[in-house]
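This is the structure I want to talk about, given as structure tokens.
Every chain is named by a letter (A, B, C, D and E) in the order it is written, and numbering of its residues begins at 1.
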Amino acid sequence: MLKNSFILAILIAFSLIFVSLFISYEGNDELSNLGKYYAENGVQEVGAQNLVTSIVVTYRGIDTLGEVVILFLTAAIIGFFLKLSKKDSKNGKRVEKLREASEILKTGSQALVPLIFMFGMYIFINGHLTPGGGFQGGAVIATGFVLMMIANPVQKVKHGVLAFVESISGFSFVVIGILGIVLAGGFLDNHILKLGTFGEILSAGAIPIIYSFIGLKVGAELSGIVGSFNEIQAEK
Amino acid sequence: MISPIHIITIALGTAFALGFTGKLSQKISAFIMLAAVGMLTFISAQWVYAFYSGGQETIQIFTAGFKPPYSVNLQMGYQEAVISLMINFVGLLSGIYLFKTLVKQGKNAIAVYIILLMGLNVIVLTQDMFNLFVFLEVQSIATAGLIVLHKKKHAVSSGFKYMVATGIIAGLLLLGIIFAYYFTGSLNIQDFINANMTASKGGAIAVFLILGAILLELKPFPANGWALDVYQSAKPGLSAIISSASGTAVLFVLYKIAAIGSFDSYDLLANLGIITFVGSNLLGIKQKNAQRLLGYSSVGQIGLLVMIIGFGPVLGDKFQFIAFTIVVAHFLAKAGLFWLAGIVKKDNIKKWSALRKKPFLLVLFGTFVFTLIGFPPFPSFFGKWELIMVLAAKSNMIWVAAILLGSFFEGIYLFKWLGYVIKGEVSEKKTIKVPVHKIIPVAIVGILTYVVGFFSSTFVEGGDIINYLPLFFIAALFFVDFLPAFVKNIIAIAGMAYYGYTFLPELYEKDLLRFIFGTIFIGGGILTLIAGFYAKGKRQGFYPAALIMFAGLGGIIQAENMLQFFFAWELMTLGSYILIIRGKRSMPHGYSYMLFSVAGAYLMLIGFAMTNAQAGISLDALSMITSHANLIYLMLAIGFMTKTATVGLHIWLPGAHAEAESDVSPMVSAILLKAGVFGLIILFIAMGAESAGTNPILYILGWLGAITALVGNLAASFQEDAKKLLAYSSIGQLGYILFAFAIMTHLGWLTGITYSINHFLFKAVLFLAIGAVVLRVKTHKMYEMGGLIKRMPLAFIAVLIGIITLSGVPPLSGFAGKWLFYNAVILKGWYFQGAIVFFAGIIAFLYCFRLIYAVFLGQLKDEHRNVKEISIWFIIPIYILIIGIMIFSARPDLILQPIGDAIAGYFPSETLNWNDTTASTTLGYWSGYRVMIIIGIMFTILFAWLALFNRKSKKVKQFNIVYSGERPERPETTHVAHNMYAGYNKALGLLVAPFITQFWNYMSETVKGTAGFVRRVYTGNGQTYALHIIMYLVIIYLIVF
Amino acid sequence: MKYFSLEYISIITGFLLVVIGIWGILTQKNIIKMIIGFTIFDTGLHVIMVSIAYVRGKTAPILDDAVGIKDVADKIVDPVPQALVLTAIVIGLGVTANVSLCN
Amino acid sequence: MEYILIAIVLAIVMLIMAVMAIHNKKLEVAIIAAGVVSLFASVLYLLLAAPDVAMTEAAIGSGLSTVIFFYVLNKIRKNNA
Amino acid sequence: MSATMRKIGARVAGRYGIPFYQPWINIIKLYSLRDSITHGVMFYLGPIFRVSGGVGIFLFMPLIFASQHFSNFSFAGDLVLIMYFQFFGMLGMALGAGEGGHPHSAIGISRGLSQFTTIEVPMTLAVISIAIQYNTLSISEIVAAQQGGILHWTLFTNPFATVAAMLSLLGAFGHSPFNLVKAPNEIPIGPPTEYHSSFLGVLRTNAAILHVIEAVLFMNLFFGGAGNWFELIVKSFFIYFWSVFVGIVFPRFRIEQSVQWFLKIPLLLGVIAIIIFM
């Protein structure tokens, strides 16, 4: 208990930093310089309705690349871990027989999962127009995947397929980025395709393509991660 | 030119592509990865080249084709190129090193590895704060992943701690970034810098959070327990990357963003950096685990670099050089050491002696250790030199002291480790396996340390005239180390002779004092090397070390500026250290030798730095000091006195000299100690004759010299070990010399020089002779010898002449010193000191007699009935030296007269007058030549007389004696060499009680105790480490705001 | 009452979540709870970031028909921190997954 | 104004849930509570005019994270059992 | 002279003692002994060193003040030379005895050397004091400075130095109470153990020379020197007898006792002597 009070004291002292930060915060009545620039020029330059998307995919595309890389790393590390524990399980550890899911769940999921996948794809393809994009779509796909696993716990996750999707979309992402250097102004420039008509699906240059790849990749990665966790927990 | 953006594309392309290569074998994947990393290295190398060859300007890469701050931009400048090259280079080498591991772990690990490198590159290049954050996370997740892949239980838990710690740090960084954005409306680092955020309180806190987070990424002491666990438990190849590449990259980030703070934040960084440097190195002292030790050292070095960044504005245009050399030194050495750790595969540093079976690795290990500590010719030497010079110039002396203290702590454990490696017991018969792919990286960085060191010297003021010729020669000699010893000996002697030839004749005209010392160093070196012919086999490692020492000694003579002097001084220390620890039981002594030397050298360094700040870098500047002169002189004097083993600083000497090899003892005793004397001479010249009466330092030094003489000689007479006896005698003799020079009159100096020459001659003779005897009888203990005159008459004569010279009995040259001494002392008026020295001189008789009696006289031991005369290779140099003694004894005027003329420039009054061969002062007179003749004639007459009476005396066996009514049968019963001066010891032993040793022991125990106490903050618990991080920030916050 | 507005309430909530999260990290023995502390810490940060993006009385930065494409700057909240939060959330997931793995 | 009231309610629930997530003895409850914090946060994001963020938080923070937690919990339970 | 000493000693002890000519007879007898053995080269050289030392000091010492002839070879060196030359003989003696291989000789030497070192300290202080006083190290000049009446002797002008030196003289002569070195009872004649016949003869000769020379040295330094032969003999005889008297009165000291004793009173006196003239 003494230790906890000590920690509490430290934390209170630490909160002083936050208090000062909070006091200095006054809320905004107008946009910051950067925000203003994007608001005024985003449409002309990038051509996406959703400004957040144009920032995420184009202006700060390299951040997104890093983010995808982090998911990739996580998936790779967890996948590796899975491999290790599988090796262990070969040495005398058994995979516990899981309880079968109820029939309703099974049937329901069979109908639902493709729908969820479709919804996810819709989200990332329309990322430049409506809220949402690659990440959200990817996450939705992964949710569908989770549902699939719950419905059918015994079924093996096809890591090979996931990895393939993940790699190919990641690779394409990079290739498009390089095309940006070759054909347009810089790495991940979306001007390799025409900006098109504002507000349409096939507008905003390469954004829909890039976001699709991101969506696929994120979906595959998140599914892989969750799947791996599932397998890890299934082992004993 | 390939755009740096392709560092990202190639790395990521490879990583992603590995996923769909399908069934490609893991080996091929690893090769693809290596090729990719090679490509990265090539890209950064070509940029470095472009900048190096000039004409290339810093370029900005706009991603997505928009200008910053609207999109993320990368910047490629000279600095970025260099750092990125370093990262990729170590990545490539580590990739080769980890090749098999990576192949075994599979594609996932390979992909993570290359992404780690990519992340590091991006954080160096990027100019956008949030981008920096993202790739910092990439970097830390990749690192954690690779740690976890190690699949040790310990590794997993340390990975967890690492994630927790970096997670909190990243969160705080993000908080800082978003508020910085709130205040500036930008995410570009350049905009942050221009915005002057610290003006408002909120902005200042945002800056504080950003800088604090980056600082915490650098593992500042004491909030770094998590990092140490990582260093300890990660695979060595990975630790190498974390320490070298990640450390360097994040340091660069700190450097890049440091400007967002105000001037105060620089100050703060400097403070925190130095705390880390000192604290972390202090804790390293108690550490036993090799990788954790390296972790402490890494943290320490990075702390030093943080401090340097903090001093960036102060250091001005020197900053780049200093930071670069120290970074590179740390980078190369740490990578090399971690890799070595992976080859040795021993956790406990005591077990590293396994390395000894691989001399090549041993040399590399030594190289890295000396690089870390900052010995020449490695880059960190020049970096630290410049750093301290600049700091001193801006009178930041406390900082200088703290840096040196930290370096000293680092020296303590690194040398201890080196000691274990070189002298520890090799218990296992199994030799360590050295796969080729692991040794190549180590060798490459090892060689690079030399190359970079060489190039960095050309950038230092005064460094361009350092004489590298001997070093190249030594390097060449190192590569022919496989030759038999006598071939190498011939090469070495030839090299020495040539080296002497290159500068000594010239000095004879210009500077007689330097000439004399130069002759002692080089000539003496050649003579003692002749003795080296006795050695059989290859004698690996001996010649490079010996020649490094002599190169250093020569360098001291040649030095024109303080950098050269210090460079040579450290070189000499390094060489002599290696020489000393070659002895069988000399490790602890070598260790303390090194610590004293390093500490002394640091004091010298401070002195030099303060001088440089006032009067420039030339050695002559010492006489132009305007302020704090006495402090500087005192520090320099203490520095030199560590080499002359003045009382208080002497405890390393007896063991070091006594346990060294037979032909090494004369080198380190007769020759090496003179380096300290030479330093003192330079110092005293600088202080000037006019300070003789007024300067309290000289007065203190005089007393110290006298006490040293007394204590040294007294201790010598109580030794049982012949070589130890000689070693203590050296302490005493050096006490005389210090005393004589401290008198600071014409006569005093003549005394000092005479003593120096004499000590060189007779101590070389004695150590060579006794060393040769020891080689024959295989013991140092005097009471285990005896009666050897019958077996080794030549050695006996040599020792006899040696001790007559030593004790200053007329007619040999020792008396010249004593006579000058009396005159000098009485004229100076230092009567009591003089009396003490005189008393010490008489005590010299005790040990002189003991030496010759116990070794050569008395009854011959049974086991020595058949020993041979000492080796001819010892006899030759000994008798050459004896001829020298005879000449000097008969005609001291030949040498002393020109010297007198030479030093008359410094001390014009009360000179020694020469009338033919008779010297006279205002007090007395003496003619060595005549005394020699008179005694010679008398001796002959008496000999003839006695011979006349004793024609018929018959020779009898030794046991033909009677005592206590019995005839002795065993030699032991008649030899009383053990505890010979028992009564004397009872009366005066108090004076030599090991107070000083106890004092130093107490000191070292205190330091270790502190280290052990502070180390308790590292509980090994992830939560505690997280708490440390929070506390660290809180404390800094409370201090700053 | 200045603090009685959307952005202030949310930013205070954010800070409090951060503090609670750190408290959890520092005090909880159970590793899962530590990790939960972590996610709460992260969520708090995200809330703060989004609050900073907020401009009083403006709408989301999506230029649909309701907003139009003229004088956009006066109509929307700041898109930049939102983009950052997107990235941060995904990174947070990566970190959480990794931390969860390490036990 | 009604936004503010909603926000206050959201904030209070989030904080209570956060404390619960950390101090509740039952791990399942704790995990769910953490998920609720995320979920309410995403509603708050909507109020703050950030639909993109809200979607992401809902999908990732309250969805996937919670699933992962349950898996980890399962794993630990089994290991300890 | 040694006979005289023994005689007085015996008389005090109530015995008859030996006749005064006994030592001379001893020496002659030793020289003429035919049976002679040796232990090696150094056994020869030892006595030679010893005698060289003795004779050497004699040669370097001016005996009679202002006499051209009896200044001997004093032009070759000064007081320092003489002080150090004493060691030459010591060393030779020690070496020769060591060669003999007899343990007693080694014990004797170790004791002798120990004691000798401390004897020299007050002596040196006294000499330094004199050197300061007269500002010279040349014996002739020291003697010259003492001319002109008994009150000009160092004995009176520098009494502390004189006393210190006289005390150390006791040790230098090696008579009782500082004669453990020779230790007649435990070890037959100390370092000369093992020596006999002509070797011993040489040594005894030397011993006589040494005693005389020490006395002469003291005379020169402290008692105004000698203007002619008669003065020389009388003065040195009295100096010699000083030690004899003391020796008879005090019991013998152990080595550590004598070492400590010499480092107390005589040392203090020497220091005072220097302080006075500083």
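To be clear about the criterion, a contact is a pair of C-beta atoms (placed from the backbone, for glycine too) under 8 Å apart; a residue touches a chain by one contact, two chains touch by 3 or more.
Please read these numbers as outputs of a predicted model, since none were measured by experiment.
> Trace the shortest sequence of touching chains from subunit D to subunit E and report its length in steps.
3
> Please remove subunit B from consideration and report which sets of chains remain connected through touching.
When subunit B drops out of the picture, the chain contacts leave these groups behind: A, C, D | E.
> Compare the CA centroid of subunit A with every other chain's and tell me the farthest one.
Farthest by centroid: E.
> Check A-D against B-E and say which one is joined by more contacting C-beta pairs.
Answer by contact count: B-E.
> Which chain maximises the distance between its CA centroid and that of subunit D?
E
> Using the average of all C-alpha atoms in each chain as its centre, how far is it in Å between subunit C and subunit D?
12
> Report, in whole Å, the distance between the mean C-alpha point of subunit B and the mean C-alpha point of subunit C.
Roughly 54 Å separates the two chain centres.
> Round to the nearest whole Å and give the separation of the Cα centres of subunit A and subunit E.
Each chain reduced to its C-alpha mean, subunit A and subunit E end up 105 Å apart.
> Can you list the subunit E residues in contact with two or more other chains?
Residue numbers touching two or more other chains: none in subunit E.
> Scan subunit B for residues touching two or more other chains and write them down.
130, 134, 137, 141, 144-145, 148, 175, 179, 181-182, 187, 1027, 1030
> Do you know which subunit C residues sit against two or more other chains?
In subunit C, residues 5, 7, 12, 18, 22-23, 26-27, 31, 52, 54, 60-62, 76-77, 80, 82, 84, 86-87, 89-91, 93-94, 97-98, 100-101, 103 touch at least two other chains, as defined above.
> For each chain, which other chains does it touch, given as pairs?
Inter-chain contacts occur between A-B, A-C, A-D, B-C, B-E, C-D.
> Quick check on the complex: what are the subunit A residues that touch subunit D?
50, 52-53, 96, 123, 131-133, 135-136, 139-140, 142-143, 146, 222, 225-226, 229-230, 232-233, 236
> How about subunit B: which of its residues touch subunit E in the complex?
787, 789-790, 793, 796, 800, 803-804, 807-810, 815, 818-819, 822-823, 825-826, 829, 831-832, 834-835, 838-839, 842-843, 845-846, 848-850, 852-853, 856-859, 918, 922-927, 930-931, 934-935, 938-939, 942-943, 946-947, 949-950, 952-956, 958-961, 963, 968, 973-977, 980-981, 983-984, 986-988
> Which positions of subunit A touch subunit B when the two form their complex?
7, 10-11, 13-14, 16-17, 20-21, 23-25, 32-35, 37-38, 45, 58-63, 65-67, 69-70, 72-74, 76-77, 79-81, 83-84, 163-164, 166-168, 170-171, 173-175, 177-178, 180-181, 184-191
> Quick check on the complex: what are the subunit B residues that touch subunit A?
The touching residues are 3, 5, 8-9, 12-13, 15-20, 61-66, 69-72, 105-106, 108-109, 111-112, 115, 118-119, 122, 128, 130-131, 134-135, 137-138, 141-142, 144-145, 148-149, 151, 175, 179, 181-183, 185-187, 200-203, 205-206, 208-209, 1027, 1030-1031, 1033-1034, 1037-1038, 1041.
> Could you list, by residue number, the parts of subunit C that touch subunit D in their complex?
Touching subunit D: residues 4-7, 9-10, 12-13, 16-17, 20-21, 23-24, 27-28, 30-33, 35-37, 39-40, 43, 46-47, 50-51, 53-54, 58-62, 76-77, 82, 85-86, 89-90, 92-93, 96-97, 100, 103 of subunit C.
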